[in-house]
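These are the structures in question, set out in turn.
Shared between the two complexes below is chain A, which has chain B as its partner in the first and chain C in the second.
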Partner chain A sequence: MSDQRRISAASGAPLLRVRGVSVTYGVQRSIADILARRPGGAIVALDDVDLDVDAGEIVAVVGESGSGKTTLARVITGLIKAESGVVEVEGEGPNDWRSVGMVFQDPYETLDPKRTLGEFVAEGLEAQGLPMDRIDASLEAAELRPASAYRDRVPEELSGGQRQRAVIAGALALNPKLVIADEPVSMLDVSMRAQILALIERLRREQGIAWLFITHDLSLAWAISDRVVVLYLGAVLEEGTAEQVLRNPSHPYTRALLAALPSTDPRAAGTHSLAAGEIPQGAAPSGCRFRNRCAHAVEACASARPPLEAAPSGAAGHRVACFRAAELPAAASVARHAPGGATPSGGA
Partner chain B sequence: MSGAANHNDARSLPAGANAAAPLLEIRALRVSFSLEDGRRLTAVDGINLSVSPGEAIGIAGESGSGKSTAASAIMGLLPPNGRIDSGSIRYRGLDLVAEGAPLRRTRWREIAVVFQGSLVALNPVIKVRDQVAEAIELRLGEPANAAREKAKRLLADVGIPDKRLEAYPHQLSGGQRQRAMLAVALSCSPAVLIGDEPTTALDVIVQAQILELLDRMRHEYGLGLILITHDLAVIADMCDRVAIMYGGRIVESGSVREVFTNPRHPYTQALLGAAPDARAGRRTIKVLEGQPPDLASLPPGCHFAPRCPLADARCTEEDPPTVSYEDRVTLACHRYEPNGGALPAPVAAPYPVLELGKR
Partner chain C sequence: MSGNAKLSVGGRILNRVSGGNLLLLLLRRWDARVALAILTLLALSGIAPGLFVGPLQTATTAEAAPLLPPSGAHLFGTDDLGRDLLNLTVHGARISLVVGALSAVITLLLGGGIGMIAGYRGGRTDALLMRIADTFLILPTFVLALILAPILRELIGDQTEILGIRTTLLTIVAVIGVTSWSSTARIVRSQTLSLRERTFVERARLVGLSPMRIIARHIFPNIRTVLVANGIVVIAGSILTESTLSFIGLGDPFQPSWGTILGNAQSAAAPSLGAWWFIMAPGGAILFTVIACTIVGNAIDELLDRDVRVRR
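Take a look at the complex of A and B:
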């Protein structure tokens, strides 16, 4: 844990406090593995993760599939129990939370296809012993207006974006201070995404709701969040404000993610795969988890796990887990080139 | 690349095709589906498209735009309740619509496709090398040994290491499966490759690797590439030209540079502005209100009119004609006058702009 975090904790505990959380999964062995008598191992899904979300703050956790980001969401929402570590909201453990909402990628993980939206919201209110007069206000706060037009509808009668609004309405009914949103817009069309982003931003501004926004999409993280945490094979490789991490990235992995991102802006066009291979499906390598894909890896990177330390930018709160961060050229000089087809040709 | 160089020389065209005719040309294509209640739904409503050897065309749109139906129609893969009502799909002058089903096999040889979910497209119980070899044997009639050798070369070319040749699809990573799928698609040396959201399920770094590979293959093999995706940034990266679809129609098309720098159709403007962009450092997004169109009950006139900030009475009554400007851009929007064919200045549609990240 960093000094800065201790200081901020001393001046007032964060709303969400995650400390040293680790989760290990047993590996499923295939029949071939069993026949070959290959032992089943364990995969570390999360390894000693620290994370804070302050009141009214939007924090994005970005990572590829296999990074552990969904495991983290499930630990924080209490769906998975961590082997070690602490998860607290307002200083309380998961059993005492009244103020945490959840939004998943697929609205049908939350919505019952046979129940109307009114019944869905009422169910949550009843479970928490809250008054039923909050149903309409919750639907309207999620921009399902007028509530009378939506209360008696079932999920099938809604568009994808409206279904996700219904899930958000269910969360809002419980007066949350924090909503954990795991890829909340990745199933939606781009015009629907913009509407939901606008809603998330408005709920933060008007009701002070904090969001932990989990996504594989760096551009969403950039747009919506105050702070960004980059997760890779269960560990935090870089964290800081959205500006620090995504405009001045320090870790070679963060740089590779950004360089690989296509853009419609001609000034930023051209993807470049700076990192080789793919995120390993088995155990993480020794030393730095990213070293076997990293263009900058040296021998030292194999010997020990680099700790999460102050980034070379020197900016408060910007931390990176890379032995070579200080030696690497500034992010702005990271080479960008376009593959052959990227140069737009005038011919139509 | 020697393999690539003789690729097109060795091609024998199907009967009725003409090497001098355009590679692939789609004219006034209409595709409809029958619904359970007896109604018909028009999913593709009179689109024109063409692709030349070595050229990459992007087709972009959201749900209900008709982009995937257009791809299925070109591939001859429409579901049983779908049919081509009118129009033509000409491969080297040969009309695939008029010729009908017998050409389906030829189509796989000349026009190949890579889908989003390679796990469903690959046979789970056959090793990857055998899948590629089988495709070569079946479709090109090559002897088994030669097919296996060719499969090995192809898989090496798409970046599958030798030690993975005998792997089953589930033993490969997502990126490797998409590479294997590309090898299957390229196995019969097609002239046209259609990618239907080929990288949508992949993580961003693997997506960049596969896009680089697709781009290399297009240039080496002189492929005509049709890339269908909801992601305009992928099209910006990969394509020469782009067609933007909405409600079954192409609302704007032209060179990627022209359309992305000076978007004219209000829907193109919305689509380009709707996604934030970390690479370019843009947080402002344009908010397009309303829902994607329901193809079963499209409004009269311009299909986009109900969501368009520039729409007036004419837009809700008359279909906008598709006008070609200076052979560079086509537009279907009443806001732009035919102008004698001179490319008009873009008219900015006043969408609400959301400035995210302003604390």
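Take a look at the complex of A and C:
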């Protein structure tokens, strides 16, 4: 896996360009909250996030629960509005639905139990005024073959993997250049996972579709992505190629995440750990967001937010948000973790 | 919860409680079977009374001695004018059926439509519509009917017919519709609110489906059974209201109704004469119909409840 795999547009603007996006959720207080004098206020789900995805590229967004991954997906697809910042696809605002598809985490919830797969795929076509003859082609492109065997079935007759293929077919019908996939395999069993990953990889290869692959699972990110973006409490802490971020991590958080993986490589096991295990609730700490869990935190870390800057590795595109990145010892190489032993991109 | 749990054995059947499916599930319960049989009998009596008794004239003309107790010739006995009570009761079913069905249609159209729009649009539309619904919720159906029925009768006249239904009946239907849509709207709204958050609705929005289409495709099909259950409860309530109004003489004088027969029994002093059959025939019809509606409505509710639990 290397930069060669990246089929990026040689020049010009990226396919997806996210700049300075912030999202705050207002939190409604219940009567109990008011009586207990719990503060109401707001949860900052995304704080000044930048992100690029090039044409035909697979970018993994990794982060723990609550880091803002789903919020990011919802902003990019236009389901919610960002408070500030810009989201552009091919240089245009997020109203061009056709070029961005979405695959949700729960295939059981994404399909209306009362409607057939054909009706599901037709929905987007109808809304966009596209010809209905694309239904079968879309189902088959998502490996539901022959389409005639699936078109008239309702979700309850299908396995989770088949449902997720149907959801992907629904996205493909609109000819997307980019598909946002929010934990698309987390609810599937291991054998299904490998198949869906292979499908994603194939669609990228054959149709040039770019994917923003959201996951909390670093081994999935390693298996599928060209580039990795590490999200923590709504902000990007590290980004770079999969190789850079997962084999030569710079940020203490990325290192800790990798170290926490059940590892087959004894060199990587247990060399780093999360100092305090819990992700803070509510507002992120001042200064470095990660400082209350960071084993390397010093006083200076509380003074300001570390900006996302070139990593000490010096590799192009590898950026990290840590004041002490340069001082920290080089990370031990991290073992490859492939889900279910299958690495769809293994041949690359 | 993992997705697979949603495919549990019960879930397989119940995930798609709807239409013919619902009828099959109902028929598995003995109480619902009995109730459905009663309602079928009611429907047949209302639509084709000729199946059981003679035409309407035979019911309204006296041909026997007054106040005969039930016998082979007159299964339900006769009233104070010597009319066959079975004949009258069967013909009375039509009014109950018409009032029940029309009231339910009005209630479901108003309540379902307003509930779905309020729930889906949310925000100020929701607040406004629910405020209106609350206002109607506190209107007492019976008192309103009591006031409106004679006024409308005076204004339009007894004999006027609209689409073959006399205005007195229409008044009753309108009053029931106007006072009962709001509780339906509340139920439908809360269902819509939770459906709106479901991923399949979110995804429909994402691909650009218009709100009206989302309501037609995703919201309505998923609350259809709730509407059916609610409609049946409305039918029971409206049959009771109609009977009460007819009992006190505000019903349709030209078509026998169970309430009218009960009213006649009252003015003929049937209770003190010991003519229990005079009260039993119309009273039993009302009682069985209302109980049957309630059983079916509750059974659907219970099936839905399980449906929802399994799906969560």
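By definition in this document, the second predicted complex is superposed on the first by the 294 of 348 C-alpha atoms of A that agree within 3 Å, B and C clash if a C-alpha of one lies under 4 Å from a C-alpha of the other, contacts with A are read in each partner's own complex, and residues count from 1 in each chain.
Keep in mind that, in the parts below, contacts are C-beta pairs under 8 Å (C-beta built on N, C-alpha and C of every residue); 3 or more make two chains touch, one makes a residue touch a chain.
Since this is a predicted model, take the numbers as computed values, not measurements.
Colleague: Would you check which partner chain A:A326 touches, where first means chain B only, second means chain C only, and both and neither mean what they say?
Modeller: Touch status of A:A326: no partner.
Colleague: Quick check on the superposed pair: does A:V86 touch chain B, chain C, both, or neither? Answer first, second, both or neither.
Modeller: So A:V86 meets neither chain B nor chain C here.
Colleague: Which partner, once the models are overlaid, touches more of chain A's residues, chain C or chain B?
Modeller: Of chain B and chain C, more residues of chain A lie in contact with B.
Colleague: A:A149 contacts which: chain B (first), chain C (second), both, neither?
Modeller: Once the two structures are laid over each other on A, A:A149 reaches no partner at all.
Colleague: Let me test your reading of the model: by the given contact rule, A:W222 touches which partner, first (chain B), second (chain C), both or neither?
Modeller: A:W222 contacts chain B only, not chain C.
Colleague: After the superposition on A, what does A:L111 contact: first (chain B), second (chain C), both or neither?
Modeller: second
Colleague: Touch check for A:M132: first (chain B), second (chain C), both, or neither?
Modeller: Neither: A:M132 stays clear of chain B and chain C.
Colleague: With the two structures laid over each other on chain A, which partner does A:A42 touch: chain B (first), chain C (second), both, or neither?
Modeller: In the superposition, A:A42 contacts neither chain B nor chain C.
Colleague: With both complexes overlaid on chain A, does A:A300 touch chain B (first), chain C (second), both or neither?
Modeller: Neither chain B nor chain C is touched by A:A300.
Colleague: Going by the contact definition given at the top, which residues of chain A touch chain B in one complex and chain C in the other?
Modeller: On chain A, the overlap between the chain B and chain C contacts is residues 160.
Colleague: Help me check something: in the complex, which residues belonging to chain A touch chain B?
Modeller: Against chain B, the touching part of chain A is residues 64-65, 159-162, 189-195, 197-198, 201, 216, 218-226, 242, 246-247, 256-273, 275, 278-279, 281, 338-342, 344-348.
Colleague: Using the touch rule from the top, collect the residues of chain A that touch chain C in their complex.
Modeller: Against chain C, the touching part of chain A is residues 77-79, 97, 102, 104, 106-115, 119, 123-124, 126-128, 154, 156, 160, 167, 170, 174, 187-188.
Colleague: In the complex formed with chain A, which residues of chain C make contact?
Modeller: Residues of chain C touching chain A: 2-4, 6-7, 12, 15-16, 18, 198-200, 202-210, 213, 217-218, 221-222, 311.
Colleague: In the complex, go through chain B and note every residue touching chain A.
Modeller: 56, 62-63, 173-176, 203-209, 211-212, 215-216, 218-219, 230-234, 236-241, 254-258, 260-261, 270-272, 274-283, 285-289, 291-292, 327-329, 354, 356-357, 359
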